[in-house]
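Naming follows writing order (A, B and C), and every chain is counted from residue 1.
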Amino acid sequence: MNIIVCVKEVLNPEIPSDKFRIDTEAKRAIPPEGIPPIINPYDERAVELAIRVKEKYGGKIMVLTAAVNASVSVVKHALSMGADDGVILVDQAFEGSDGFGTAHILAQAIKKIGNYDLILCGREAADWDEGLVGPIIAENLSLPLVTLVKEIDVMEKGLKVKRVTLDAYQVFSVPLPAVITVSQEVGRPRLPSGWGIISAARKQLPVWNAQDINVDFSQIGISAARRKLVKLFIPKRERKCEIVQGETPAEAAVKLADRLRDIGAI
Amino acid sequence: MSISYQGVLVCGEIVDGKMNTVTRELLNIGRKLCDELNQSLSILVIDSSNQEIANEAIALGSDKVYIVITPHFTEFHPDVYTAIMAKVSQQIAPSIILFGHTDLGRDVAPRLAAKLRTTVVMDCTHLTIDAETAKLYQTKPVYGGNAMAVWASESFQPQIVTLRPRSVIPAEPLPSRKGEILTINIDINESRMESKLLETVKEVVKGIKLEEAKVIIAGGGGVGGSEGFKLLEELAKVLGGTIAVTRVPCDEGWMPLSLEIGQTGHIVKPKLYFAIGISGALQHMAGCSGSKWIVAVNKDPEAHIFKEADFGVIGDYRNVLQQFIDECRALGK
Amino acid sequence: MKIWEIEIKSMNPTLEKFWNIPGVIILYILFIIAFVLFAYRILRLYSFLSLGGKENRLDHLGRRTKLFLGWVLGEWCTLRSITQKDWAGIGHFIMFWTFVLFFVNYAYFFVWGAWHPSNPPLAEASSFSSIFYSVLDFSTLLSIGAVIWALARRYIVRPRRLETNFEPAVILILIFFLMVTHLLGEALKTTLFHETSSNVIRLAFASFFHGLNQSTKLAYYYTAWWIHILILLGFLVYVPYSKHLHIIAALFNVFFRSLLPRGALASINIETAERLGVEKIEEFNWKQLLDLYACAECGRCQASCPAYLSGKSLSPQELIKSLKIHLLEKGRSKKEPTLQLIGERVTEEKVWDCLTCYACQEVCPVCNEHIDKLMDLRRSLVMTKNRIPETTERALRMLMMRGDPWAGTQHLRNDWTKGLEIKKLSKKNDVDILYWVGCTGALDDRSMSITLSFAKLMKQAGLNFGILGAEEGCCGDPARRMGQELVFQTQVQRNIDMLKRYNVKKIVASCPHGYNTLKNEYPQFGGNFEVIHHTELLAELIKNGKLKPNKVVDKKLTYHDPCYLGRYGGIYQAPRDILFSIPKLQFVELNRNKKDSFCCGGGGGHMWLEENIGKRINVIRTEDVAEAKADIVVTACPFCLLMFEDGIKKKHLQGYIEVMDISELLERVI
């Protein structure tokens, strides 16, 4: 079972909301001081799911990431969790690529790798919150796709997967090769193990550029972006909280009930 | 030959023989956009010979209702929707295609965009036509809700959008409205239907559905365990509402996922929303920020929820809620 | 004369014939048997030891010898506990020296005395042997008293730390009879052969036998003598099978004790490591295994261990004993022991119970090192088996991803500097000292006031200091104490590179954990900086008059010695100097203070571990404060501060007891 997992580096989503800043001119978020970017939490869960499949059914896991600046640490993180190999895709030409561009780059790299059974992606990235890349890779490579998966079982022919829905879940059977996007219901991703960290640190990762993977330059970069970012802003918080006080919690509770009754809420 | 793209097409979702709430919301925003652009609003529903749905769609603003008959229809299979939407879009050539940001929309919209070689913006909360450029401006939350991004398509058509549920309220149906009902036969290439839907499991929700509830009592990590939710259920009963959860109780296994409210769960818009033991992370607020009134109970005075709520009580919910319930009962009499 | 058909000729029982065999031959045969059994056992034990890994403890031989002499010959090992009102050291001193004197006596006897008739020099009080025997007999008498005291104390008074099973009783009773037979025998010898003697003890004992005739006395003499020899040789065989193995093992253990600074855990060389942590008993090194032999089962460690005293499952004494059982089982059969080392012999819970407070090692008379064994087990749990409690995992994950373990903090590292003008370190290197703020001091709401107070005090004193600001990352202590050595080393390397880049020479830290790691553990990786704790700096500033406490505090103060500052850092006086400089100070010491201080419950990674069993450790310590009737407990560690805040809340003593860091207090009185 050869698995490829696509991972992305994002700003740490767990910074306190009050500390979030954007550069309205450049239309991008300002990385908060002292807090390094991390692997997209959904992608981390994709790695986790890949490792579970490997533990149960055997195989190898290859991790890919594409960026303008090499984000080695996300791949090393995946390796230290238990992935086997990684490739870093770096090229200035990637700058400004939208979801379609990124998917194209990753698809080309996947084509170059060649030997794969399953492609996993996180359901969306924790910065732009869209979830485009996974499905578009599936379209580009003409592969079957199941999104929002939380569980994978390998059957005789293909996979049986559980897809998360609002009501509960659906069960799909998928032939291989296929693309699967992974949802957070997979559970907590494992902490890198001691030996994982050591072997990840020792590993040398190949770096490929746009030419290495035969990218179609008309499909990447800012010139190929299908939409433009008009504005990026921080929304104003409209609500002002009225703290209902009381000598005891019980008293506060009574006051709250009265207050809500006054405004017609209850 | 350049195609002239016209009108707004809504991808309708039918659940249990009825139009999904999000579809009604899409019709509202679709109607508004069409009025501004002076174009027509269409809706596509798959394999529903139910005349009532078509009439409802028209009453809610649709000019045309396309009923697609296909021999391969399996309820909610994204592959089917993708194929059908692709074919219909090519036929109708709408300039805007609207999906709800649901399990279905999340799956189909990007693929459709790739197939049609066009643009897509996901999880939008606002759609406006820019007065100057006549372009569709699509506003969506990013960075977990910390910021808002406004996108506009360069020149790609159709513009595909998924709309966050509850961003818009459904309009009042006008039975006097007139519209066309058209039936299309679509034959889909089965060779692309490689994944098969084997089973759909739905957790039976006792009582009121979250999307329809007027009062929601939501519990987070601060509830401390499944036992604590009994108190929340009592409050829900007294106020005629229902309970919900954030991600933490689901991860811990205290409550089922089907009750989760948040960016990747249910989006709700009740009149009154209680956030009990909830820190106020933006991914959760995305699911409930449409509420009219938010009341927070948390023992941490620094919790972010107090910046998102209208009313707050600082204290352990176990000490606060029982008295609150009793007082509500007393006021009710 | 004839006793049991024996002809008595001389006063030396070995020169007689028993059943036609010369006594000396019998003696030697008995001795050889005993010695062979003894040696066999010792060699077996040694072979088990050599299952363990390599470890070089032959450094600093001079220093080792000096320590050894004081510890062993001066019996400092047990006399130190007198500070804890544990008087056992006196009895132990007596018995130890009695045994040394006996050893000299037997050595002489076996080599020379057994073959030759004794000269009667006892009549000449000035001769060496006469003095020697006087001292020996006096010592023996004292020993008898000590043994009776020990028996009464252990089995009647029953202090908590002493076990009341049969083994100590057997040993004590054997010693008792050893001593008694010696004195009786010698007394009888005196009456039989030397009517005059200046040895008063012998004469006193001899008075018991006044009425008896010569033959009876001789019979008693020979009986006493041979019983004495048999007990002695029996003891020789018994020692390596009992806890009295410590007689031999502790000597080596004390000599080979760790000379590393206390707060420095052993490092793992990532390049060459074949394993991470310890999973099997033979993966400990030989010195760690020697500890198991050296343990005298005195119970002092257990009686000081906050985990044990608060009802957790860990007992340091029981840990050592069970590891010894495990080692013996492993050594005896070539197969794996029946129980797994981690999980069964030592449960995972016990591995996590340790707070690394050092109380056990502080009081251990044989220099055992309990902490590093638990840490080695913890390392293999976390790094090899990936078994880690959930809250700890979350903190570790935060540390790896974000550089601090405080998940859920609403602050960034620079938030505390708002409104103050604090210099950030730059390439220009224009500061005298770096203030290492620490994760807790920067990101925790309550601890931030420590940072603010200390920074303000330094500014007031005109100190030219700087901070690393947002660039500061965790010192690494939580990672190492949680057992994640790799994350620790990554952090350390990153920090050392940064500190070297800024050409930092001197660092002051307000957190004892950061202080300890920077000072004692960073040198393991090439980071050598001059590191002081903020109490040392503040004490010096007061001494130099740069800060003048002049306001009175109208409340009773007490001081809690943080483990990592006190026992680890040896800093007890500096904080007290600061307090005593406050005018009209009302001060009371806690009952367990200085090196006997009781842990607050926050060390060893426990800030991020849930405490679900037994009594909460911080509550116990808060009760100490309440018992001392203090209004304010002053401390010098942010973990202690947070633990006390929680303890005060749990005991509903808000408004009655307040906790402050020493810098917060000082700011108030300047």
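By definition in this document, a contact is a pair of C-beta atoms (placed from the backbone, for glycine too) under 8 Å apart; a residue touches a chain by one contact, two chains touch by 3 or more.
Just so you know, these numbers come straight off a predicted model, no measurement behind them.
J.: A-C versus A-B: which interface comes out with more C-beta contact pairs?
T.: Answer by contact count: A-B.
J.: Which chain is in the middle, if each chain's centre is the mean of its C-alpha atoms?
T.: The most central chain here turns out to be A.
J.: Work out the mean Cα position per chain and let me know which chain is farthest from chain C.
T.: When every chain centre is compared against chain C, the largest gap points to B.
J.: How many angstrom lie between the centres of chain B and chain C, each centre taken as the mean Cα position?
T.: 64
J.: Averaging over Cα atoms per chain, report the distance between chain A and chain C in Å.
T.: Centre-to-centre distance between chain A and chain C: 50 Å.
J.: So the centre of each chain is just the mean of its C-alpha atoms; given that, what is the distance between chain A and chain B in Å?
T.: So the centre of chain A lies 22 Å away from the centre of chain B.
J.: For chain C, write out the residues touching at least two other chains, lowest number first.
T.: If we look for residues of chain C contacting two or more partner chains, we find 410.
J.: At least two other chains touched by the same residue of chain B: list those residues.
T.: 304
J.: Indicate the residues of chain A shared as contacts by at least two other chains.
T.: Where chain A meets two or more other chains at a single residue, that happens at 16.
J.: Using the touch definition from the top, list the residues of chain B that touch chain C in their complex.
T.: 279, 302, 304
J.: What residues on chain C touch chain A, complex-wise?
T.: Residues in contact with chain A: 270, 273, 276-277, 379, 382-384, 386, 388, 393, 396-397, 400-403, 407, 409-414, 469-473, 484-487, 490.
J.: What residues on chain A touch chain C, complex-wise?
T.: The touching residues are 12, 14-16, 18-19, 32-36, 38, 190-195, 197-198, 201.
J.: Show which residues of chain C lie in contact with chain B when the two form their complex.
T.: 408, 410, 445
J.: For the complex, which residues does chain A have touching chain B?
T.: On the chain A side, the touching residues are 11, 13, 16-17, 20, 22, 29, 99-100, 103, 123-124, 126-132, 134-136, 138-140, 144-148, 160, 163-175, 178, 183-185, 187-188, 225-235, 237, 239-244, 246, 248-254, 256-261, 263, 265-266.
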